[in-house]
């Protein structure tokens, strides 16, 4: 098996560019999530990989084989669709067998394969059911089994969890990941849900406006967002504008230390900090303290969100509720600490565009 | 409550002439009376078995209805499919032209077809009657099949493609099986309307043959006979049976344009 | 870059190949539709400019004589008759009244029907479709029995003493004035009332079927919203339901009207000979006693144009009210 390589793949609809020059390598056996807000081009990219859309430019290769002009029915990448696209006029077994049936595989053999796959997705007893008689979760399993029946080289899933109830999603995410690891099949999942991406993926591709914003392992994406868009889209972040002043940044009369930076003095920057990386209460380290006033307190179970008003603008702070935790009331004055290594600094102009 | 009364009343008025015609068929004598005198089923035997005029008329009616409905479906399929698949101006115009004979006063189309077959040499032939009705009722399968095609989820076609189906295979394995109820509905709509159609057949048959409606119209001028009423009952029976079938196997409210979400 | 260009070229040649494959099929379809759907109408138009040959049918020509005859009579300018204009007038009159009557009565019925369960709707639709597909011939037959002097409604009125009652209270003379009574009895054959009623009956199921989509798609929460704001059932219908289905309502009216322009059997049976319509004289010219195909064709064309104008007018109305909405 070989890696799937995209080389400058782009897609134009008339004058609108849906996907611009994407270069990506999907490593053999890995699960990659295409993550982004709706309309970012992730589904279009997936459909181009499947062969359902012709790229306007660029190349799609599987190993050394150029697939760019290969139609979908010759690529035969198994795909699970958003609403599963199960054929209502066929029963579960016939759906799973579809690719084998149209290939002329003998019935007995096809049924055997279907039984095997249905066992794999724990639907062995449902082979004779009509599609209409299945629940959402069962439909998804059928769709997965159906896409795997042809033993595809690449397995594609377009928002596979979006048609499921919230409480079913997490369980299915784990199950799908385990299945994928067992089969060792190169898999690409489109999703707009970062938890879903982080649960399942070896690598995440964050996309916006048809561009790849960042590509890497989930933890990198979360802890080292390469630009303001990723910082904002993955997890939560507080943003404020600042100016580079020597090795530090200044904003609203406050000077904050950061990790070493590569900016010219005086250039505008946009700074992000995640709510859970701020510090409040107790013995704060010296420096990087910002005076604040509590404007709203939001208890959300294990943590408490404090909305603060600061000279830098509104800031949300995540404050763990543990033993000895302080209570805050609206109007209370306090100080919040921004650890230097938790401040992400991005060029100002680009940041403003993304925000 | 007021609503229910209104609906019942409307149904009653709609039923009234039908009931009267049906009852008149039971008349023992030769004249159409209501309520019937000396009720008997002799007329039914006359209609179906004994009188050759009626028997050939039935044969012709059935032949034309079945033939024209089948032909209409065959022509409507590529039209509807082209319309759905391409959605170009040309395919819209083509479908519009195909539906035109049904939308305009039938007497004009009847006159036109009279001339047309006069030149084409088909005047007074059964086959020209079949073609004429197929064209007249082309709009019906065109509409039902189009409605059906709109319900096809394009993701199904994509899914089929990712599993190795060419367009031809997808058509055969995905579209066609899901379209059977709609095709059948279109067929039966055309069938029933052809069965009952009068004016176009009147011009096209050129008195060379009769169908049941033509035969009834001919007798209508010479005064009614209860035997004709049997014909009417037959037609009502066929219509109700066919549409009940359509309702049973297809989604009739949806075919008639009801909102899909209200199930 | 060069590989992209090459692949684009391949895609192009693929597309042309596909077009070549589709082309013959499309050509056959176009030919079929034009020959069978367009040519018959074109023939009627062409023949309407032809001439009658005494005793031998007709020949091609290019004369407006048939149209002149339609509007002012054959012997114009010596004499002028408006016989055919008069028939067009009756065609329009019957069709307009019958269409309006059908829509007015079908509207509440359809509205009530769409409030029923899906299964009940299905049953009503079967019923309506079955009656809708019934031939004009049967319907006329049924009404003919119902309204005939010997066994129908007049007989019922006579036997129950209603006729006598009408005479006693003086309404009978009024009926005679309307043409609904002969000196002794109430009569419906022949009368405009019977004609219009039967025509209305003919299209009534069509009216329901045509109104059905719009009414069944009517957002029920809109009605409920109006109810919560204090609107009674009638106010709801007047202020919410009617305005939101105005376009389909007008559309239905025009479709029924055009359809009714061609009514034949009902007119022959129920209309007074002096009040017959264009459809009848088209038939008489083409197949009946007078045998003048070009003139019949000209009348058919005028019927068609009238229908066409009305449809266009209706479309315009619908568009205008659509733009306002």
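Descriptive notes on the structure:
Letters A, B and C mark the chains in the order given here, with residues in each chain numbered from 1 onward.
Assume a residue touches a chain if its C-beta (ideal position, glycine included) is under 8 Å from a C-beta of that chain, and two chains touch if they have at least 3 such contacts.
These figures come from a predicted structure and were not determined experimentally.
Taking the mean of all protein Cα atoms as the centre, the chain whose own Cα mean lies nearest is B. The chain pair A-B and the chain pair B-C differ in C-beta contact count, and the higher one is B-C. We define each chain's centre as the mean of its Cα atoms; on that basis chain A and chain C are separated by 60 Å.
Centre to centre, using the average C-alpha position, chain A and chain B are separated by 55 Å. Per-chain Cα centroids separate chain B from chain C by 18 Å. For chain C, no residue reaches two or more other chains under the stated contact definition.
Residues of chain C touching chain B in their complex: 25-26, 29-30, 32-34, 36-44, 47, 105, 108-109, 112-115, 118, 121-123, 125-131, 133-146, 150-152, 201, 204-205, 209, 212-213, 216-217, 255, 258-259, 261-262, 264-265, 269, 279, 282-283, 286-287, 293, 296-297, 300-301, 303-304, 307.
Those residues of chain A that touch chain B in the shared complex are 47, 50-52, 71-79, 81-83, 85, 87-89, 98-99, 101-103, 146-147, 149-150, 156. Put simply, chain B touches chain A in their complex at residues 153, 155-156, 158-166, 169, 173-174, 177-178. By the touch criterion stated above, chain B contacts chain C in their complex at residues 3-4, 6-7, 10-11, 13-14, 16-18, 20-21, 24, 32-34, 75, 78-79, 82, 94, 97-98, 100-101, 103-109, 111-116, 119, 131, 135, 138, 189, 192-193, 195-199, 202-203, 213, 216-217, 220, 224, 228-229, 232, 235-236, 239-240, 243-244, 246-247, 252-253, 256-259, 262-263.
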